[in-house]
Each structure stands twice: as C-alpha cells, then as structure tokens.
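Going by the order they are written in, the chains are A, B, C, D and E; count residues from 1 in each one.
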Amino acid sequence: MDAILLQILNGFDKGSAYALIALGLTLIFGTLGVVNFAHGALFMLGAFCAVAVNKLLSLDIVTLSETQTTAWGTPLEIRTPYAEVWFGEIGSVLVDYSVPLSILVAIPVMLIIGVVMERGLIKHFYKRPHAEQILVTFGLAIVLQEIIKAWFGANPIPQPAPGSLRGMIDFGAAVGFEAGSVVYPLWRLVYFLFAFVIIGAVFAFLQFTTLGMVIRAGMADRETVGLLGIDIDKRFTLVFGIAAVVAGLAGVMYTPILSPDYHLGMDFLVLSFVVVVVGGMGSLSGAVLAGFLLGILQSFASMNEIKQVIPGIDQIIIYLVAVVVLLARPRGLLGRKGVMES
Amino acid sequence: ASYTNEPKGSTVTFGFNVPQTGAYADEGADELRAYELAVEHLNGEGDGGMMGTFSSKALKGNGVLGKKVVYVTGDTQTKSDAARASARRMIEADGAIMVTGGSSSGVAVAVQGLCQEVGVIFMAGLTHSNDTTGKDRKANGFRHFFNAYMSGAALAPVLKSNYGSDRKAYHLTADYTWGWTQEESIAAATEALGWETVNKVRTPLGAGDFSQYITPVLNSGADVLILNHYGRDMVNSLTQAVQFGLRDKQVNGKNFEIVVPLYSRLMAQGAGKNVNGIFGSTNWHWSLQDEASQAFVKSFGQKYGFPPSQAAHTCYSQAILYADACERAGTFNPCGVVEALEDFEFDGLGNGPTLYRGADHQCFKDVLVVKGKENPSSQFDLLEVVEVVPVANVTYAPDHPMFAGGDLGSCNAGV
Amino acid sequence: MAILSVRNVNKNFGGLAALADVNLKVEEGMVHAIIGPNGAGKSTLLNCFVGRLDPDTGSVDFDGTSLLGLKPHEINQAGISRVFQTPEIFGELTLVENVMISAFAKRDGAFKLNGWREVWRAQDIHGLAMETLSDLGLAGFSLNNAGQLSRGDKRRLELAMCLVQKPKLLLLDEPTAGMARADTNRTISLLKEIAGRGITMIVIEHDMHVVFSLADRISVLSQGTIIAEDLPEKIKGNPRVQEAYLGGAHL
Amino acid sequence: MIEKTSPRADRILLLAFVAAVLLGPILLAPFGAGYPDLLQKFAIFGIFAIGFNILFGLTGYLSFGHAAFLGVGSYAAVWSFKLLSMNVVPAVIFAVIVAGLFSAVIGYISLRRSGIYFSILTLAFAQMSYNLAYSVLTPITNGETGLQITLGDPRVLDSVSNDGGLPVTNLFGLAMNQTWETALLGMTLHFNAGFYFCALLLIAAFYISMRIFRSPFGMMLRAVKSNQNRMSYTGLNIRPYMLSAFMISGMYAGLAGGLLAATDPLAGAERMQWTASGEVVLMTILGGAGTLIGPVLGAGIIKYAENVFSSFNDQILAGFFDFLPDSLASALVWAASAFVGDGWQLTLGIIFMVIVTFLPGGLMEGVNRIRKWHEQRQRGNDLSSCSAKPAE
Amino acid sequence: MSPSAASATIGAKEASDPAYVSVRGIHAYYNESYIVQGVSFDIREGEIVALLGRNGAGKTSTLRTLARVDNPALRQGEIWLDQKPLHQMKAFEAAQSGIGLVPEDRRIISGLTVEENLQLAQIAPPKGWSIERVYELFPRLAERRRQDGVTMSGGEQQMLAIARALVRDVKLLLLDEPYEGLAPVIVQEIEKTLQQIKGLSMTTIIVEQNAIAALNLADRAIILDMGQIVFDGTATEVLENAELRQEYLAI
C-alpha cells in the first residue's frame, strides 16, 4: 500500500513536469498551430537560467597561491565566491537559494526569448506548412542547443535545491499511515505545488479573459479576426512569450531533480508532443490531464510486480497509452474538432 | 599494397573516432585532447609525456617508423551506425591505418567488428563491458581500459572491509549490454562475499527521472543500492537516490549505502556533492603519484590548464601503445602489430606493470578503488583513491564464463 | 417508380429536431426540387442520403436497396453524386485533374492500384473530362489550379465533376448560388439537358427562377417537416408556402 | 497536354538523374565525398527519402515513425546473412517483404486517424519498436551493440567455408566491399561494387516513384491531400489508397534498411529512434516535399554535413588558412572550428533555418527560381527585338 | 498626398466636398496573377454603390483589396476613407478606421458560438449596435446563440456575418453577395435591414449577382470587367441601358 502511495506521488511529480511542458507547448502548438520543435529547447534554456544564475552568484575571485602548485606545476588558484566576499552570510544564503531565485531572472529572460523568437522567426511561419515549421524550429533547437554546449559543455551541471528544502517529509504520517513509511523529498512536493500554481495562473489568464477567445478565433481564421479590427499578431506574440515563460520556469524548478545538460530539451521534446496530442489538440486541460495520466501510469508500469508480468512495459507504456487513447478517442482526451487534423 | 592503407608517403594517418555530440561529448573532447598530445609526443614535439616513462624504448620521437603522424577525426555520436560510418570514412577516404577512440561499449564492439572486416587495427577507447574482449573480441581489436568484471573484483574486498559481509543489495541497472555485464559482474563479486541480492531492476536508458525506480528501494529491506549506471543516467540516479534520503537511512541496523561500480571524474562533477563518500572503481586518476602518471598530468595540464580524465589517459596510452607496437614490429601491417601487442608486457603508462594478454587482447593492470571526496580542494579534485587493487586480484581466465563465447579469429590485414 | 424513397426520417441535433418524420418519394427521371426557409433542414436531409449523416430513425432506400450505414464512397458508387452548398473541390489540383479523378472513380471503382501507367496515357478519360469542362464553359482554364477559381467557377467545376460520372441521381445543393445571371441561365439549360438524358435530380435552391424553370415536382420543407408537396404551379399558389417561404417575393 | 510536366521533360530528368548517380564517384570526389561509405549512404538515404516522399509529398500524411521500417529492414537483412547466405539478393528481398508486412500492420492502425494524430501514432509505434529492440528483444536485435554477423552463424545456403575472417556480403560472389581505385587530377576515385548495387536500386526506386507520381494512383494520393471529403463523395475509398501508399513507402524504407546492412552488415536499434524518423522528414522537406528530386538532394546535404563537416578538425582548418598571416589564420581557425568538427550540428541547424526561411518549398524551390530567372533572361534576349506580348 | 489634394488634381467631378471614400488607381495581385488592374472611384458619404460584373470579374478581389487583407496584395494605388490612408494600413487597422467586410464565404469562426462570434467583433473599436439590438433584427440568431457558428445553416451563417458588421461602427460597409443562399423571405428582411442602414446613411459597397435587387438599393453602379471599370454611373442609367445590361449583367 505504501509502495502504491509512493508511486502515486511519483506519478504526480512526473505528471507536474509533463503537464507544465505540455501546457506551454499546447499554447504554441495546439493553439497557435505551430509545430514547435524548439519547445524542448525553451525548457532547456530555462534550466540553464538557473545554471547561469548559480554560476554568477558563485563567481570567484581568483588569487594565485604562493606556496601551493598544481600537479602540472603552475601555481594553485584559490577561489572565493564574490557573493561571500561582499555579502558574507547573506551571500552564501543567496547561493543556496539560487534555484528559486532564478525564477526572477527566468521570467524576463524567457519572455524576451519567446518574443524575439516569435517576432524574428515564427511569425513568418504561421501560414507555412507544418513540415516547414518543423524544419525551422528543429534547426533553431539545434542552434540553441549547440550554443549552450559551447558555453557550458556537454556534461550535466548539478543544481542543488536550497538546504532548507532539501530534506524529506513524512508524507505518510500526514495522511494517516505509519510514521516513516511514506517519506518523500520536500523539493518534489514543492515542484508539484509550483506546477499547480502555474497551471492555475495560465488557465485563469486564458479561460476567464476574452484574450482566450480571441486567440482561439485567431487560430481558426486569422484573416477574419483581422477584418474585425483585432491585431492578432500582437496577441500571438504574447501567447508565445507566455508559453516560453511557462516552459522556462518548468525548466528552472526541475534542475534540482535532473541535473541539466544541453541535450535536456530533446529528451523531453517527443514526450511533450505525445502528451499534448494525447490530451487533444487545442485543449489546455487535456494537456494537463494527459500529463498527469501518463506520469502516473509510467510510475506504476515501473513497479517490479508489473515489470515481471510484462517485461519492458515501463519502456513503452507512454507510447502504448498514446496508441490506445488515440484509437479509442479520435481527438485525444479532450481535443477540439478541426485542429491540426489535416 | 600488401595491407589496407599501407602508408606510401612520409606520413602515417591515425583515425580518432570520438563522440563529439551527444551525452559523452565532454569525454570525447578530452579523448581528442589526449590524442593530439600523443601525436605531438610521437612526432617529437612537446615534453614527451609518458614516452619518457614507458618501459619500451622503441619510439624515437621522429614519428612512427620514420613517418610523421597525422590524424583525422570523426564523430561517433555514441551510435553504432554513426561510429561505423565515421570510421569507414577515415579508412576509405582518409587512408587511416588504425582507428581508436569511442566512449561506449556498443560503439566499441561495432567499430571493432568493422576494423576486423576491413583489416585495420582498432585500439578501443572507453569501453567497460565484458563483451568487448569477451564474446565480441576480435583479433584486430585491443582494449587498454579495464572492464566490468575487474570493477567487481576490485571493489568487493573494499566493500567488505567497509560495509561488512552481511548486506542486502538492490541493483538498478541500465537496460543494455554494458549494464547487464556490469550487473552480472558486481552481483557475482558481492555474492561471493556473502551479500544477498534483493532485487535487480532494469531501467530504460536515459530515463531522466528515476524516482519510480528508487521508491521501491526504500522499503525493500535492502541496505545497499548498487547503481549500474554510467554517464547521465548515473548522475541522475545518484542525485535522486540521495534526494530520496537513502544516505540518511538506517536499515537492518546499518547505515544505508550506495555503490557506483564505475566512476569517472566527469560524472562525479555532474553529480556534485552527492558523490561524497561513495565507493566505485576507476581505471586511472590524475592524483596517482607514480612517475608515469605525474609525467602525463604535467604534460596534459600544461597544455590545457586542467588535469586529464581517465578517458584521456586510456586514449593517450592506446595511441602510444599502437605506435610502439608498429615500431617494434617494424611494419604497420596489422598482423605484425597484433603479433607485437599480443602478450606484450610493459610498464610506465600509469597503472604499474601491465600485460596485453594475447588470448583476448585485454590489458591486465592495477585497478583503482575510489571514493567521492568530502572536501574537494578544486573542481577537479572530486575522487580520492582509497586502494590500488593489484593486478593479480582482478585477473581471470580467458574462458571465464562471463567472457565465454568469443573467438578472436585471425588477424586481418585486408586487401 | 420511385428511385429514392425516404420514410419517417428523424434527425435531432441535441434538443433541435432538424428533421421530423420526413417522407419523400422521388420518381425516376424527375427533377425534384426541395425548397424551404433557411435552417429548415434541406441540407440535413441531403446529408442523410449520402452517408454524411445517419438519421436517428427511418429509412432511405435507393433503387431498391437501403442507403443507411453505407459509406459516402459506396453511395457514390451506387450512382449518387452530389454538389455541395459550399464548393468542395481539389484546390491544389488542376481543373482537368479534378474532373479526371471523378471519371476514374466512375470507371475503376472505389479503389484501383493504378500506379504504373501515366495519367496522360488515359486519353479516353482525358477527352471525357475536357468535353465536360467545355460543356460548362471551363475548358479554357483546364490547367489552372482549381483553388484559384472564383466562387461561381468553383461551383461549375463541382458540377462538372458530378456530371462526368453520369450518375443515376444527382443531388444539387444550391447549384447556382453566387453565379452570374448569364451563367445561371446557362446552367439551367445544361441541367435541363441533363434531365433530358433521364438523370434524376434533387435540387435545393433559393432562386425561384431556377426552381420553377427546372422542377417537375416541389417539396417544401419547413422546420424539419414537409409542409407541401406538389406540382410547381400548385406550390406557387399554396398560401402556406407563400407565408412560410416566399413572403410574396416576385417570381 | 494533360499535366504541367511533359513526358519529354520527365525523360530528360530521368536521364540526367541516371548520369549523375552513375558518375557520382567522379562528381563528388572534389567535395571530399567520393568515398564508398558516403556514396552508399547518399544512395541509400536517397531511396529512403524518395519512399517517404511518396507518402508525405503526395498525401501530406506526415509519418514520424518511418525509421521503424528502416530498422526492421536492416534486422531482416542481417538475419538473412546469418541464417541463409551472405548474398545480398535474398537479404534485400527479405528486408523489403518484412518491412512491407510491418508497415501494413502499423499503417492499418495508424491510418484510422489523420493529421497530427496520425503522426503521433506512427511515432508511438516506432518508439515502442526502438525501446523494445534496445532492451527486451535483445535476443533478436542484440540490443545496443547491434546485430552483427559472427563466425558461428549457421548460414545454411553458403557452402563457402571461411578461414577465420568474417565473411563479406556479396552479389553472387561479387564482394560488396570490392573497390577499384584510380587517380584523376590528384584525387583518388573509388568505384565500389556496393555503391553501384545501391545506385542501380536508387535509379529503379526513382523511376518507380516517377511513374507513381504521374499515374492515376499518384493523382488520387494528391487528391487525398487536397480534399478528403470531396474524394469520398466522388466514390473513392480513401483507406486502401492510403494504406497502399503507406506500404509502398514502408517497403522503400525496408529496402534502404536492407541496403544499409548489405553494404555494412550491422543493424543497430538507434536506426529506429525518433531522431532517425525525424531525419528523413528533414531530408524530404529540406530538398522539397512533393518534388521528385528534392528528397535525394536533402538526404545528400544532411549526410554530407554529418560525415564531412564533422571530420574537419583544427589541423585541417589550419591547412585551409595556411596562406594567411599567422594571427589572422589562427583567428579564422578558431571561428571556423565552432561550425565544424564538434560544431557540425550547429552548421546543420543554421542550414535548416536559412533554407526553409528563404526557400519555402525547400531546395527545389531554389532550383526552380534559378531556372525561371534564367528562362526570363533568355526570353528577354530572344524577344528584345520584337515587342513582348505575354500569353494570356 | 492628401485626399483633398488628390481629388482636386483628378478634376472637378465632386466639385465641392472632398470624397468620403477615394480609391485611386489600385492594382492588386494574387502572387503573379494581376487581378485588380487600376481601379479608381470616389464615393460620397452615405452613398450606396453596387459593384457588378460577371463571375471572376474581380469584384471580390476589389473588396478584399479595400479591406487590406494580405491576398490579393496591393502593389500600387491609394485608398482613402474619411481622410485616412487605408493603403498604408494592415487589415486590422483598416477595420479600426471603419472598414467592415462581410465576406462572400461568410467566414464564421469555427469553435466559437454565435454569441462569441458577435462578442469577438466588439472587442476592437469602434463599437456599433449592441448584441441585443442585433438579436432583435435577427431573432433566429438569438435562438441559436449557444450553437457553434459553423454548424448553422447557410442562411443563418449569412445573417451572422452581417450581424458581425453591425455590431461594429462601420463607416464603409462592404457586402459581398449578401443575398446568396438566402430564402426569399430572408432576402426581403435583409433588404429591409439594408434600407434601414441606408437611412442611417452608412456608406456601402454591395456586390451582388442579383443585380436588380442591388440596383434597387443602390444610388450608383460600377461595373467591373477583367479587373477594370467599364461603367460608372447612376443605378437608373444601368437599368435603362439595355446594351450594358446585356453585355455585362445578362439581364
């Protein structure tokens, strides 16, 4: 029982990540109709915002040691972080909290990246065939990825969660289990809550504002919306910016769970498309639902009891579920008619 | 020509086939640095590095057999197909006389097979699977790096002395060839100590988040977690295992422990503080104090400003060993080289006296057991060597069951 | 003999009864017009004949066999062709290709793995297509992409695609909507000529000039039910029709 | 004239294609691409892309799982080498048949949906195949390492006993790795048996695709892309048309996979990964989806970048800039090295973006523009005397 | 050049007041096909102009050019509306400056209900009638307010398309075949509505195949052929000129 509860928690956690990525993607893909193969790269860029902030905060003052030398004979470099030199105690707290602090940096940075990307490139591709959108965004993803690789290398770069959020909490005791039977890392619960807040905020923004309606209309027929006096381009840019921010924040907060490297985005890319499509094109709630569904099923499929019955099921469960859902429901879980069906 | 790509002019071409993209790109970059250094030394430039300490004195610093060494490079992408395509380019278009490098066993086996077919020598880079010199061994292929069996054999006594002989181990294993041989080797070695294996769970390659595999460990009754992962998988599974509090746990009245059978410094860097106090094995480490290792670190450090990784070390050694074999054989003919390398005994390349065993083309030398360092003095100083396990303890018979089923065949000189 | 007979057809959309107990018999060789106010259910009824919609209850028989449950292509192969209210054509293909596809479908059936002999070798089909196009005054554009046509021309192209199949029953949903007067007149004479060849037609039209020039019989649909069915002259005089539909329009 | 293209233009195109392919080893040598492995890859991926284009270019159905058929073809061929004979003919036939059957099954299911839903279904099947091939199916696929021939294989039809070396693939005795080399203008030309085997099949594949494009069947496929609704009301059953197209392109992929194994007897699981499926999509779009030649060009560019750009290292770059003063040369080497060697993917990414941004419709669009411009200039010259009267 | 200056140089056609709408030599292309070939005309405030011509004459293209949509592309010429240079604007800016196009294929937005379609039209300024007032004019729409706009019958969609223009405060209304596909009663209703609008003296260009109906409404008629103006005069002039009617309108 506790094993199952733990897997449910794992599922929610994975689901939060999938849902957040899919949420951003579905804004661009399910709503604007652009097949954005650079979405994974946006997630990756978000993660590297955290890396960069951490790097900046722990920038060192280098002094050369007079006594010690390196193994190859040059004087040893002694490094002390600026933050500590300047702010002392507070400095090291800043370094410790670099991941959550990065959110403040990631929001404007990702917004700018999103807007620049849309204005500079994507804008010209709304009316182009999906295939060409794939080519250009895939090209962009590779370029972004290679730039990150050139700066930060190919190796994963660890980003610890703040010390106070690093521990475990006894989740089982809270829900009436034996104390100590279901303990769960605090940061993962933080991630789950964070996802919840972001998803709620995006929903509120798009569902309860007329902007949502305008966006939907613009996607169905840009020209007519323009004829009604609405500057749809501006709104599309905004949506793109929001999507980039959502992807970026998902990336920032994920770094303590998964040490980021330049390839991180590609690993999530295919998965996020699957999530969006299983959720149903054009449906935000579908994407979120599918994210959690796939997360939970994936966790369960990895249990030894199940793997023993069906070997390898944990490796294909996502795709298997995708096939079953798409065959049973032509438009995914909550898809709208006519979106990207031809 | 009497053999494939027989060098006709004043130069001889080596093929350096390393991962330049994908998860192991950093390893690949380090391998390439080492190769470039080796070429310098072979051609008599620079300080000569380990050529000075190497027990064979056949190399004269004027290239190989009087021909200047030049090289071509390629990207394996850590994919068998791409690695073979790249190797074929070197052989067919660039006239490479040998191919070396790589950073995964799959690639090593695939490229080794190719080299056997076309008749050039393959000097493996990073490859740790038993199969490379086991069931997939080839006459034209040679491995300097150690293997999974050796990791197990070297680690077991250290684990026993630190963690006792009454332990319950839980394995998480990367679900592909290398992972399986690693799991088999370490399980056998620990079971021989009296440890019990609670469970062996396969995880998909590149799973990213391993939480769904880690939570079952929590209440499984196991008190040791063995991570048969490498590279990114290892970085992630280790980080997450620590995150799930495994290291703070008490099970069966003992401290819960984590073991990573195969370590590398680059991985340790990726896992950060999480490696503190965790045991594993490695082929070589730059903090070794023997004369050869010191010479290599000095040479490499001066050129690049940081110490070499084990990947760099093994690749450098392979290049030197190959050149030396040619020199001693007096020919680049692969069959001559094979003969010169088989059962070749040498010293002065960093792991003490070493044998290139003729029966399977595997090097036998001391293996290092290392531990994540508590208080690193620099970003490179992440592992400390706790024990240098003598070669005798890790040697096995060529027909050991974990290596059985292979056949070197005969050397192929092509054409 | 009735070639098409519709009995007790009902169709609901949510709470809306789009068709309520519709009965209709279309005699072979006749031009049968269906008129009625917007939203009366005319297109819905037509959709029930061609497999686009399945009626909730009732039956639709064509030439003695039931059409219910058949797929659109099977219904077409049975001899029913249709012109849509908003033109449906192959926009990226040339006009002549549009018509040839239709002709191939007639000759080769619903599927033929005809992947080796080039299209240009099928001179007979090509000739037929060109003939039909010139019948409709489109021959001059035969190599243009159909998507670039003006709307009136698209509709004529669609008509050509139906006619080339020489269907037993031709369903026309507002065939002259958006056509210039001259073309409307030409289309009327063309359709008359087709009717003369014995092709049965069901025509939905709001243009009374067209309806009364063509129809042998008229059914009037209003709010999902047939409120009148009779000869054209009788319909003109029917007060219910006057009120529900014509509203005193000059004919 | 029925179509905008004339039979004569097609014949010229075909002849030019044949000539270019057969002279490949000579034409490509100056670009450093004239060695057997890359020539074979051009031909093989050309076949793959041509087949993909029959599905995607004509019907607009974007399969994101075509690599699965390539992989299955490779496995089938290697198994044929292991069990039957090292002769490439049975291997290739076997590969095509197995891939055809596999695509029939996947196509039958996936074609129940269209648009993005179809793409994801094909992707899901291919990823399942890949993941299983990598792990659970190792007894059949030999996992990560890939399926290779070994000395211990049964090979029931091959009486040839081997002398300890691995046997080589052959066409009734003609070894696929047989290469004749000659020197021309300081370049070495490689005429390789394996390449010519692939090249003949490439030409056949091209010719078949040309016939399909021009046939009523091809026209029906374009109709599917244009308006499915109209199509079914015209009496045409879309499913069998789509399934045939899907299977044909699956068999092309199987042929390509079989040839990969025939020229280099190894079948790796990563051949089935989504990145491999994505690659053929990129090849087709880059060259120009729906054009006859485009996909072959696209395949060429991507394979060229992968194999040649990646091989440039500082040593080679320094050679290029030799003639410049030292400081300038080393600055250029530094700048250029970001785009080649381990930066080759950066170059590829930039190529993708530039081509698709400036040449919607892919490379063939560029070719067409050049041709149009040329024609206009010529017409301008011809008609300069009499007043031009544009035809209506 | 200011509009007054423009018309001043053209001559003394509209002697005293500057034209409210002034179209000066517009040329528009679909890619390379040259469709609108130098069309110029002026319209006074409150005037209703019927734009007539055969299928493919370029009527729709002219209206679309005035509304500044991307296709066809305006390559040359000027369009002034109430002193504002529409030729320098994008479609949405032109719409905000008072252009309202009711397109021939209605362009109801799928996925949005009837009411949402109307709300959408009210988002950008300038705001016109209230939605309630529109519902009074078209009770049919009120009934269907929650229905997905595109599932409505053809006639209902046409009403919605006109309604969408009415909820905006349109200075120049462009109607592309507003009667097409409508039952005679509805045509009469819409004619009535348009007469009302005429009473509000809203400037209007109406394209209609039913030339008689259009001319009943219009003050003036322009006839297009092959993308050029072949006639510009009063409605009565057209009705009286049999030759003109025969040649271009077939009535």
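Here is the rule we use: contacts are C-beta pairs under 8 Å (C-beta built on N, C-alpha and C of every residue); 3 or more make two chains touch, one makes a residue touch a chain.
Protein names from UniProt, one per chain: C, E = Branched-chain amino acid transport system ATP-binding protein; D = ABC-type branched-subunit amino acid transport system permease subunit.
These numbers were taken from a predicted model, which means no experiment stands behind them.
Chemist: Along touching chains only, what is the step distance from chain A to chain E?
Modeler: Minimum number of steps from chain A to chain E: 1.
Chemist: Could you tell me the distance, in whole angstrom, between the mean C-alpha positions of chain A and chain C?
Modeler: Computed value for the inter-centroid distance: 53 Å.
Chemist: Averaging only over C-alpha atoms, locate the centres of chain A and chain B and give their separation in whole Å.
Modeler: Their C-alpha centroids are separated by 34 Å.
Chemist: Counting only Cα atoms for the centres, state how far chain C is from chain D in Å.
Modeler: Centre-to-centre distance between chain C and chain D: 46 Å.
Chemist: Which residues belonging to chain A are in contact with no fewer than two other chains?
Modeler: 315
Chemist: Every pair of chains that touch: which are they?
Modeler: Going through each pair of chains, those in contact are A-B, A-D, A-E, B-D, C-D, C-E.
Chemist: How about chain E: which of its residues touch chain C in the complex?
Modeler: 30, 33, 53-56, 60, 104-105, 140, 151-156, 158-159, 177, 180-188, 209, 211, 249-251
Chemist: Okay, in this complex, where on chain D does chain C touch?
Modeler: Residues in contact with chain C: 1-4, 7, 211-212, 214-220, 222-223, 225-227, 229-238, 240-241, 244, 248.
Chemist: Give every residue of chain A touching chain E within the complex, in rising order.
Modeler: 210, 213-214, 216-217, 220-221, 223-232, 282, 336-338
Chemist: Using the touch definition from the top, list the residues of chain C that touch chain E in their complex.
Modeler: Within the complex, chain C touches chain E at residues 13, 35-40, 43, 85-86, 148-153, 174, 177-185, 206, 208, 244-249.
Chemist: Quick check on the complex: what are the chain A residues that touch chain B?
Modeler: So the residues of chain A in touch with chain B come to 2-3, 6-7, 9-11, 13-14, 17, 70-74, 76-77, 149, 153-158, 160-161, 166-168, 181, 183-185, 187-188, 256-259, 261, 263, 267-268, 298-299, 302-304, 307, 314-315.
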